[in-house]
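Following this line, the structures themselves.
Common to both upcoming complexes is subunit A, partnered first by subunit B, then by subunit C.
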Partner chain A sequence: MTVLRNILIRLLTTAVTLFGVAVIVFVVIRVVPGNPIAMMLPPGATDADIAQLQAQYGFDKSIFQQFIIWLGGVMQGDFGQSISLRQPVANLVLGRLPATLELSIMALVMAMLMGGAMALLGTRYRDSKTEAAVDVSAGMALSIPDFLWGLVLILLFGVLWPVFHISGRISPSLNIDFSTNFYLFESLIRLRFDVWADLVAHMFMPALALAIPLAAIIAQLLKQSLKETMHLDYVTLARTKGYGENHVITREALPNAILPTLTLVGVQFTFLIGGTVIIERLFSYEGLGNMAIDAVINRDLPLIQGIVILFALLFTVVNLVVDMLYVVLNPRLRHA
Partner chain B sequence: MSGYLSIRNLTVCLKSGAPILRSVSLTVSAGQVHGLVGESGAGKSMIGKAVLGTLPRALHVTSGEIWLDGVNLLSLSQTERRKQIGATAALIPQDPLTALNPSKRIGPQITRRLVDILGWSKTKAQQRALELLDEVHIPNATRVMRSYPHELSGGMRQRILIASAFAAEPKLIIADEPTTALDVTVQKQILRLIAEMQQRHDTALLFVTHDLGVVSKVCDTLSVLYAGKVVEDAQMNRFFMRPIHPYSAALLAATPTYTDPTGSLTPVPEHVIEYVEKEVAEHDVRAAR
Partner chain C sequence: MKLSRRSLLKTSAAAATFATVGLPSFAQAIDELVVAYNVNLPSWDPTVGLSAVNPTIQGFYQSVFDLYIPQNPDLSFGSGIITGYGWNDDNSAIWMDVREGVTWHNGDPLTADDVAWSLTRVGNPDTGSPIQFVWGKIENVVAQGNRVTADVKEYDPTFFKWMSFLTGYVMPKKYYEEVGAEGFEAAPIGSGPYMVEKFERNAFVRLKANENYWGGAPEFKTVTIKFVTDAASRVAEVESGNSHVTLEIPYEEFDRLKAKDGLAGVAEPVSDIGMIFLNDIEVMTDPNVRKAAAHAIDKQLIVDRLLSGYGIPIDTLQTPDYPAYDPSIKVAYDPELSKKLLAESGYGPDNPVKFKIQSTKGYKPKDYEMVQAIVGLWRRVGIEAEIEVYEIAKHFELRAADQLAPAAFYNWGNSVGDPTTSTGFAMFGPSPHSVWDGEDTFNAILPLWAEADETKRIAGWKEVDRRIAENAEVIPLIQYVQPIVHAAGVKVTPHRSGALLPHLMTRS
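Coming up: the complex of A and B.
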């Protein structure tokens, strides 16, 4: 009963959030200067031409009227037509979403592996030079933003030692007929490991650039809570049972110490998704973020709206998943 | 070597060199209960921790020997020592609320080490855990095994920890103030249970407490500790009739009794503290030489 209620409340708040986001975006991009129609017409177009196009896209109506019309469409799954690309926004946006999802999830996995390894290392050799090294590298990783890491990586692995691709998502020669846009996933189940390797070689640097700052945050927080947990009685008791340091850290302390980190990772993951906008641009990766920048440059209002709504939806879903994971991992929150 | 656990001149210091334990010697014979009393900060828990190898990182053993089952623990490598302790000794911790891992079910917390460390089969360990839970009077043992710690009361958890301590049939159990964190009503039951289990399994028991009343009920011998120094080592009967050291006598006199509930609390007199402080200082001078 309470579970059902919680789900209902959750859905309701999500709907309200998305509506709020829609209103803000809709109004803001129309209030700021810059005219999408002007971008479409060649220089020297007459006022009549402009007026005609304005009417065609409905920009001659009031913002409120435009919003109602747009919302009516959204309710039926129609997010309007992209002005610059002249295709339905829903198709465009959903077509790019898998690329961004694959990139973000790969970055998240990399961040968790790197951050987790650093935290475990720092805990295993706490109060030593190794821990100091972990602290220093985490501090450095954190004080440099992701796009700068992107440039550093391009310099290292694209120029000085060119082992990874610096731009795009896949080598054109390898473009097999994908039936979904989840290339990485699809190439795996179709056992096309050559394609998969090519995709990874393209994604590696942008994913790493996104992952480094998050890995540093995970390393710091997880190490801190691991070290606190190591003083607790049940850890001491496990030692007296004959367990060694490695077992005590990974089996006794980690399952409990990971909980606060998990909440933080949820929040930080949404920042990471936000970071894809610049990183995708930097690496010419054909994802949502790259499309978002183009949409803004072209004043493609319907496309901007669609992308922002999708990002907002993505953030809510991530938070929901984190909350659910938290309950799964923490027996104290589970009801009998 | 007499005694199952035999500590010889154990000195433990802070990194700064300040002594926490001052050449402590004590012996726990097989199947006997040895009490370790002293006020807070006297270092009684540190003795248990030194034996089990769980001293805080800021402390280290500077000299002495700890003989357990005929082996000097301090002469072993860290790994050997851990194995030796895991196989021969066990701890009943002070606070049952924090001594069980909150994210694991009770069953594995008892059985895992039997499988991991002692190489038992899973079914045998499971069987053993059920027997033990029965021995510590836990009803519905099968259901309790599947529970998480937060679903059980403090008394229940302490029973589980006692069962777990006896799981590998250790020859020595160190009980570190095992009733301090419990309700007074539960304290009595737990105390009786520990005594009962100790007798049934014929284990040597080092019982750390600040409560002389508790000592009188369960112990055969005892050591009185002040500022990390053993001031008196005695048989139980003799101690309560005729304590030799003035600090012991004062400690006995300071024990509140139920027979005279109106009587005000007697502190340990000033001159006794001065006397014992002087002894400790003389010891340090001798040790420095």
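Coming up: the complex of A and C.
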């Protein structure tokens, strides 16, 4: 019952958070300079033309009235019409979400694998040159922002050793009609490994650019946790039982040491999704972030609102999932 | 970890697998042309909405649709869907002859009905055409045989020129009415040299040659245009061989890439210009200050030092390609004259005149750097300008509200080349794109809007440009040069409008 109650409370706070985000976004994007109507004015537009355009897009009403109208639509699933793309916002953002999710999840998996490997390596060879190398690598990975990693990767794997695709999500020459926008998962399910490989070749560099800084964070935190755990009694007991060092680290210490890392990964995952905005642009990846930049450039207010709300929803859902996962994995919390 | 023979073999095998899976297709003989374009294509209808007036995406539209009257690469007017056109004697009606034997991409014949319907549609304010103010100047558009006629509500000497410009595209009446606006967005058809095969928003458009194109089938049968908005990524695209052609990259990169084996480059002037709007407020109401600001700028120096020599200094809003260009109008670089003019108004290096200049940063090549250089040159003569960086969206908002700073950097595109769409809209007070409210300029421009005598009209605009230059009511800076890098196996014909057109590309 307690778990259920907690979930209900979290859902309620999520709704309040989203409402708050909606209010802030709605007001802020109308207050900051840059009017979409001014951007679409024809050369000979008269005052009457300007007024007509403003009325057409509802900008002739007060911000409060505009918000109420928009909120009314949102309640019915209508997020309005994109000004620049002239299509329903809901269709646009939901159409792009899978691409961003796939990229983020791939980046997360890469970060966990790389960060985990670095942490295990640093722990296994602690107080040696290997650990120092791990620390230096993690420091470097962390101090360089993801977009710069993106440029480095483009140079390395796009130009000097052109193994991966520099831009896009899928090769235009591949003919496949996807039923969903989860291309990576769908291609696997349909056993189209050629398509899957092509998608991975497109996603590899943007995902790696996103993953590197997160991998460094994971490596540092997990290594620290592992080090602390390695001094605990039950680990010493395992050693005295004759288990090898690899077994002690991976089977005994890791399950306990990983919990703080898991929480961090959850929080960082939301930042990782935020990081897709720049990375998707750099790699011309057709996700939500790339669309967000165009929306901002064009002052496409309905589309900006839709994207921000969806990002906010993602953040809260991810946090909720992480909290629940933490309860499931941590027996002390589960039985509390 | 020790590196054993087995682990080395494993690693090599894995690397080889990764290297071959999804490897980009590096073209030796180019079968499928791949272009890395610098902008996205938001919408397929070239006649309505915000996209229709976006000059940077007209290349996409011109690949799929036909303009009523096309422009040749040198901006001269060609023969297109409209093969002949004109006014009646008293300019109260127009006529247009429609090319016969043209088909839409779905095989339907393109008829005079399509032309009449297209013109009527964009003339209707409810349709949402941003250029309705031009198309609405005719009514009763009627098709008879292959001739279309219409009554003129308001005479506009530039009417036919707009048929080569924004929203001047022929649309398929029958198909559009069948599928509606949404259906058209999903599956657009035109009568242009390429047909849309596949379109992934924000990613790419794949085009297939229209073998029945009235102007001859394009050489490349399949063209993929990738939307690569980041300049560094475009450089990598073409350098790696993933794309065969790209454009709008930094001039330094252009020089580096075109010197590489397998790559070539072409850099030709386009119709975009860089300019400084002067708003007649605060110190800019003083002609001495304006003139001093204009004479203190060494445009050639800016072109040479900042733009690697790629740019052409200009002194009016007309580029040398335009009919109203007058080479005798000069605003010389003369810092001594600037100092003298400022002294006449009581300013000097010890008592500088102060004002704000607004600039975008990164919207156009070296825009902010150019403004920085100009501010440096101004400082030498006694002008202290404070730079305010703003986004282009803010520029549009401020300009429409006539609230730009006393000076504001901007770029102006005018591929149709008529003086009304350069000096006219930029300097005529009531235009939402002008911040100059001077009555003399207003009175000088007013009669030219409806001047029927073309020679007199062009001469009139030249005179307007001369007095604007003499009074320094705007500071034209440079005509931009567009860098295009391409694989050596492709011959690219640049278009002065700045549109990169695949049907003008051939194998070299």
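Everything below uses one rule, namely that the second predicted complex is superposed on the first by the 334 of 336 C-alpha atoms of A that agree within 3 Å, B and C clash if a C-alpha of one lies under 4 Å from a C-alpha of the other, contacts with A are read in each partner's own complex, and residues count from 1 in each chain.
Operating definition for what follows: a contact is a pair of C-beta atoms (placed from the backbone, for glycine too) under 8 Å apart; a residue touches a chain by one contact, two chains touch by 3 or more.
Note that the structure is a prediction, hence the values are computed from the model and not measured.
In the superposed pair of complexes, A:Y234 makes contact with subunit B only, with no contact to subunit C. By the document's definition of touching, of the two partners only subunit B reaches A:E252; subunit C does not.
Within the superposed three-chain model, A:L329 lies in touch with subunit B and out of touch with subunit C [touch as defined at top].
Number of subunit A residues touched is higher for C, counting subunit B against subunit C. Looking at the shared chain after the overlay, A:G77 reaches neither subunit B nor subunit C. By the touch criterion defined above, A:G242 lies against subunit B but remains apart from subunit C after alignment on the C-alpha atoms of chain A.
By the touch criterion defined above, A:A197 reaches subunit C but does not reach subunit B.
Contacts of A:S284 after superposition: subunit C is touched, whereas subunit B is not reached.
Comparing the two interfaces of subunit A, the one with subunit B and the one with subunit C have no residue in common. By the touch criterion given at the top, residues 33-46, 49-50, 52, 56, 83-87, 96, 151, 154-155, 158-159, 162-173, 197-198, 200-202, 281-284, 286, 290-291, 293-294, 297-299 of subunit A touch subunit C in their complex.
On subunit A, the positions that touch subunit B within their shared complex are 127, 232-234, 236-244, 247, 252, 255-256, 329-332, 336. Subunit B makes touch with subunit A in their complex at residues 52-54, 57, 79, 82-83, 85-87, 89-91, 93-95, 98-104, 113, 116-117, 148, 150-151, 161. Against subunit A, in their complex, subunit C makes its touches with residues 18-19, 21-26, 32, 36, 40, 42-43, 45, 49-51, 53, 125, 128, 130-134, 181-182, 185, 198, 200-204, 206, 224, 226-230, 232-233, 236-237, 239-242, 390-394, 396-401, 421, 424-425, 430-433.
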